[in-house]
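Below, subunit A partners subunit B and then partners subunit C, in two separate complexes.
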Partner chain A sequence: MRRASPNKINVLAALILGVLPLIFPEDFLRVLCLGAIYSIASLGMSLLLGYTGQISLGQAAFLGIGAYTTAILTTRFNWPVILAFFISFLISSFIAFIVGKPVLRTKGYFLALATLGFGEIFYVFVCRTDPIIGGLFGIGGVPYFSIAGYEFSSYVQIYYLDWAILFGLLLYSQNIVNSRIGRAFRAISTDEVAASATGIDVTRLKLKAFVISGGYAGIAGSLLSTYLSTAQPHGYQVDLSIFIVLAVIVGGLGNLWGSIVATVVLTWLKDEQLSRYQEYSALIYGIIIILALIFIPQGIGPLKQRYISSWKLELLGRKFKLIFKR
Partner chain B sequence: MSAISIVQFGLVGLSMGAVYALIGLGFTTIFRASSIVNFAQGEFVMLGALLTNFFMMTCLLSYLPSALLGTLGVVLFGLALQVLVIHPIKRAGVLIMIMGTLGASIVIRNISLPISLLPKLEYLREPFVLPQVTTSIQAIQLAGVRISMQRIWVVGVSLMLLCLLHYFSNFTRIGNAMESSATDRLAAQLVGIQTERMVLYSFTISAAVGAIGGILIAPIFSMRYDSGAILGLKGFVGAVLGGWGKISGAVLGGFVLGVVESFCVGLIPGYGSRYQQMWAFLILIGILYIRPQGIIGLEEEK
Partner chain C sequence: MILQIRDLSKKFSGLMALTGISFGIKKGTITALIGPNGAGKTTVLQIVSGIVRASTGIILYREEDITRATPHEICDLGIARTFQLIRLFPDMTVLENVMTGMHTRARSGVLLSGFRPPVVRKEEKWIREESHTILDFMGIRDKADWQAMTLPYGQQRLVEISRALASKPSLLMLDEPAAGMNAEEREVLAKKIMEIGERGVTVLLIEHDVGMVMEISDWIVVLNYGRVVAEGTPEVIQKDSKVIEVYLGM
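This part shows the complex of A and B:
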């Protein structure tokens, strides 16, 4: 019974998402493309933070590593994009492995600081290194994503590509979550000592979650660089890391679809709505973060249960009962 | 590398370290009173300098009253932060606290941007330098080592503040109450100490200390509305480096970080100054790997 419900949601969501481009104008698809790309990163973050309970405020750096790897390989070495895409995934996973080893020895505030520090190291490095990486201006002219000569260049094409990749990763993540590893992740997030007492290798599994989240972020970064056709340092600052963690919190910890919905909504809010207010945008964004944390620290998941299922469904149920009584 | 330049970089590092020590002290003070790490600490530093600049440019006050009013303003911001942001999310856990204080830091950082739209206040978004404490003597020269007067002021005022705080926490009633609520919250409550009020005091102290650090460093580096975050993080790194949770650890770590960073910048040819902002965090990851409890930390924690 419980296994069936995520599948139903998946199928329903896939149908809705597949039809959307036929209804909505290209302008709206733009947000959905970006939303899908960031959702890939927050999906990885959801596994790390939502299931394993470890924070990372350095995700922007992993996105950046993915973006820069793709940009360098395609523009400087003329590699095909699809190959660069896979290499980006591998390299960002590998760097997540190297960084995760020392950093994951810490917890809570210190893990946050250490990952923030890693993000800062990456940012300073790409800003200040001119050969190959291009310093402050970054790398331009990254080609569109293409598979065997077929180029994804219009918003509709990019939309289908990004959501297909996101969907594949989502199914993979759901499998992880429902497997032995996923249960171990949850055990670690609840109580590390108890988890290790039941024979879970806490250090190794934490590292695993960290590497997965880094790899997902690398995929997102690679797609982002082909979407924007550039890789520039200012796109991969702390703000992006905060954004991803915020999306996972708002989506609800341990709720994969929730983090996707939250990412898309927050992307729409931040890139479409707030950017109009220029000088005010960052201020309003900060205030929204604080208000969200004060009023919905549990994310939107419980809200759905509280307001939709209990209130509206009950009303619906009463109506049905009335009908049947007659 | 000559001995003179090593001494020179060491002195520069000491003055930078004094500021890190003040920031780290702010982190530690709040953490001891409430076991919260305030990621908006760096914004106090920026805001201290920014408000002082505002009082000097727009209210046309002289240096000392502006600095005092600036510090006072930052204290008000600190108290507002505790009351409006930290208190409401206190029970929600570490993750929410990290994000909440980061959100607060985004708010404080960008609060001057809309204000700068007003006429004659455009300068609030530009980089600025505050005047030095003493303008008559620029620098002193001793056996070939040149040290600017402002750096001496930085170290001097910081040391004075540290002594003052030491006196405060050990020899005054409120200070003792704060110390005891840091050691054992429940026991402190049982003997009638209002720990909530102690948290407010700790925010007052750390905001004031941070603001003074900012006012002191702004003549040496140009400040801008967004330059607080990185200073705050480095202060945190210093406090972790020295030994987290201890006043002495924060101070020692701050000075060590300043000096090591200065040597990295000065003595690594070619790359040192290019990657200036990176060294502190590499040191952090190194220390977390080798000695996570910090220089003078005890073995058990973390």
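This part shows the complex of A and C:
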């Protein structure tokens, strides 16, 4: 069973993505831009859920923190966007650290609930804090992303910007996965006791994965606010958190490219096809998640293999069980 | 003495698993911990490796109190172990399992690993080569790229021992390594354990195969109902009336 080397896939994907804007109409690029932004958050989630086996249902809050930080710094303090972008990343990582420290003491359902709670706290907080962050209406007038005066304002420009950032983070994530840290993450996801007996500081590494996922989400949030030119509370509710978890599961646990592809497809579904049925999003996501778990438990990655060997299925069952275990 | 256990007790919700046991392990020896099922052998290992907390008592490793240390700290200090029921990382290859065992010996952190600069590459290469050497030593180098879960049981044990060795332990604790092995595999295993001992690693062994224990250990500690019944060299233990009573009920 030979797999194509990740480098080959990367180069091929980069080439395809590079020429897409020349072929596709701007309309479709819009979805791809959004897809790239959400994919950044999915990448972080993939490291946390897919590799380390820890769930977070509060990821929308970290996107929100990134979006609001950028929005506040650029509109209230007139900071350059690029600086606000980096500060957004740092702040969301820092808050992930503060939140993760106590929250990661819990496991499974309790971790899901605790992170869900954090997401709700964030939402209520931004809704109720009028003077600085605009309450229900949020903050408008966030400028486009710009580097040293060069502004990314057309879809094509934003497309290249977002995919370049996503691609950089993908390479960074792939390097982590193939390192000592990545092996420790994977060890934790399947057997915490054996991992700790092997010398891995489980608590610390879980926190690291959580901070990475929070930081990535912050980057995504910052880009989202410059793309939408606003930061509004309703954009960062629990349905976004579930959307990201869903993308990682559909993309396949432990499959970085898979989560990107799944995020783009789901973004297209969410944004183009289902936008009229916003209020049913939880129901629709629920159905997708159940169908995915039944028909493609390994995610969309290995679809070309028709059969999953029994030990792989057993392993998957074990992983899901561990994710949702007390 | 590399390890000293002093007056160790463990109570599991009313049940005394260990009642004030004390014994020491001399550096560079192979010490076997034997006794009937439920005697508390595995509990001793769980406590020494930090996975289970002792109710009372002290564990000294190189004169240092490790009674309250966490499992990863204990591994970092140089005590590695295998499990009674094999606990390999199932989604990894054999090689990756062993490479994971080298976690405490490598230093690259998250930030640096993501950029994969030459330092990290070099360390990764070293981890890979060292792991291959260990697999070579255990005689399973040809299985390096196999998925750990697809190997036969006996070989999974060897992988687990390799993973423990990868942390370069001073004290290696093996919990029933020969369980589920056939006679031939046991023979190989016994030889490997002796070779590990010759390399200067102190070994603490829990084993039911009395023949193997008598053959390879320098010192034997016999547990029964959570107490030390006897300890001594294999020759002494073989003749000890209390041990015969424990094993044969006479």
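Operating definition for what follows: the second predicted complex is superposed on the first by the 288 of 326 C-alpha atoms of A that agree within 3 Å, B and C clash if a C-alpha of one lies under 4 Å from a C-alpha of the other, contacts with A are read in each partner's own complex, and residues count from 1 in each chain.
Basically, a contact is a pair of C-beta atoms (placed from the backbone, for glycine too) under 8 Å apart; a residue touches a chain by one contact, two chains touch by 3 or more.
Predicted, not measured: the structure shown is a model, and the values here were computed from it.
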Using the superposition on subunit A, decide if subunit B and subunit C clash or fit. fit
I'd like to know which partner A:18 touches here: subunit B for first, subunit C for second, both or neither. neither
After superposition on the shared chain, which partner residues are touched by A:202: those of subunit B (first), subunit C (second), both, or neither? second
Considering only the touch criterion stated at the top, classify A:55 as touching first (subunit B), second (subunit C), both, or neither. first
Between subunit B and subunit C, whom does A:102 touch in the aligned arrangement: first, second, both, or neither? first
Let me test your reading of the model: by the given contact rule, A:140 touches which partner, first (subunit B), second (subunit C), both or neither? neither
Considering only the touch criterion stated at the top, classify A:246 as touching first (subunit B), second (subunit C), both, or neither. first
Contacts of A:184 with subunit B and subunit C, given as first, second, both or neither: second
After lining up the shared chain so the two structures overlap, which partner does A:293 touch, if you call subunit B first and subunit C second: first, second, both or neither? first
After overlaying the two complexes, what is the shortest C-alpha distance between subunit B and subunit C, in Å? 10
Once the two structures are superposed, pull the subunit A residues common to the subunit B and subunit C interfaces. none
Of subunit A, residues touching subunit B in the complex: 49, 55, 57, 99, 102-103, 105-110, 112-114, 116-118, 120-121, 124-125, 128, 238-239, 242, 245-246, 249, 279-280, 282-283, 285-287, 289-290, 293-294, 297
Sort out for me which residues of subunit C touch subunit A in the complex. 49-51, 70-72, 75-76, 80-81, 83, 87-92, 96, 99-104, 106, 108-110, 113-116, 120, 123-124, 127, 147, 149-150, 163, 167
Contact footprint of subunit A on subunit B as seen in their complex: 37, 39, 84-85, 88-89, 92-96, 98-100, 102-107, 109-111, 113-114, 116-117, 229-230, 233, 236-237, 240, 244, 274-278, 280-282, 284-285, 288-289, 292, 302
Footprint of subunit C on subunit A - complex, ascending: 172-173, 175-176, 178-184, 186-187, 189-191, 193-202, 208, 212, 254, 311, 314-315, 318-319
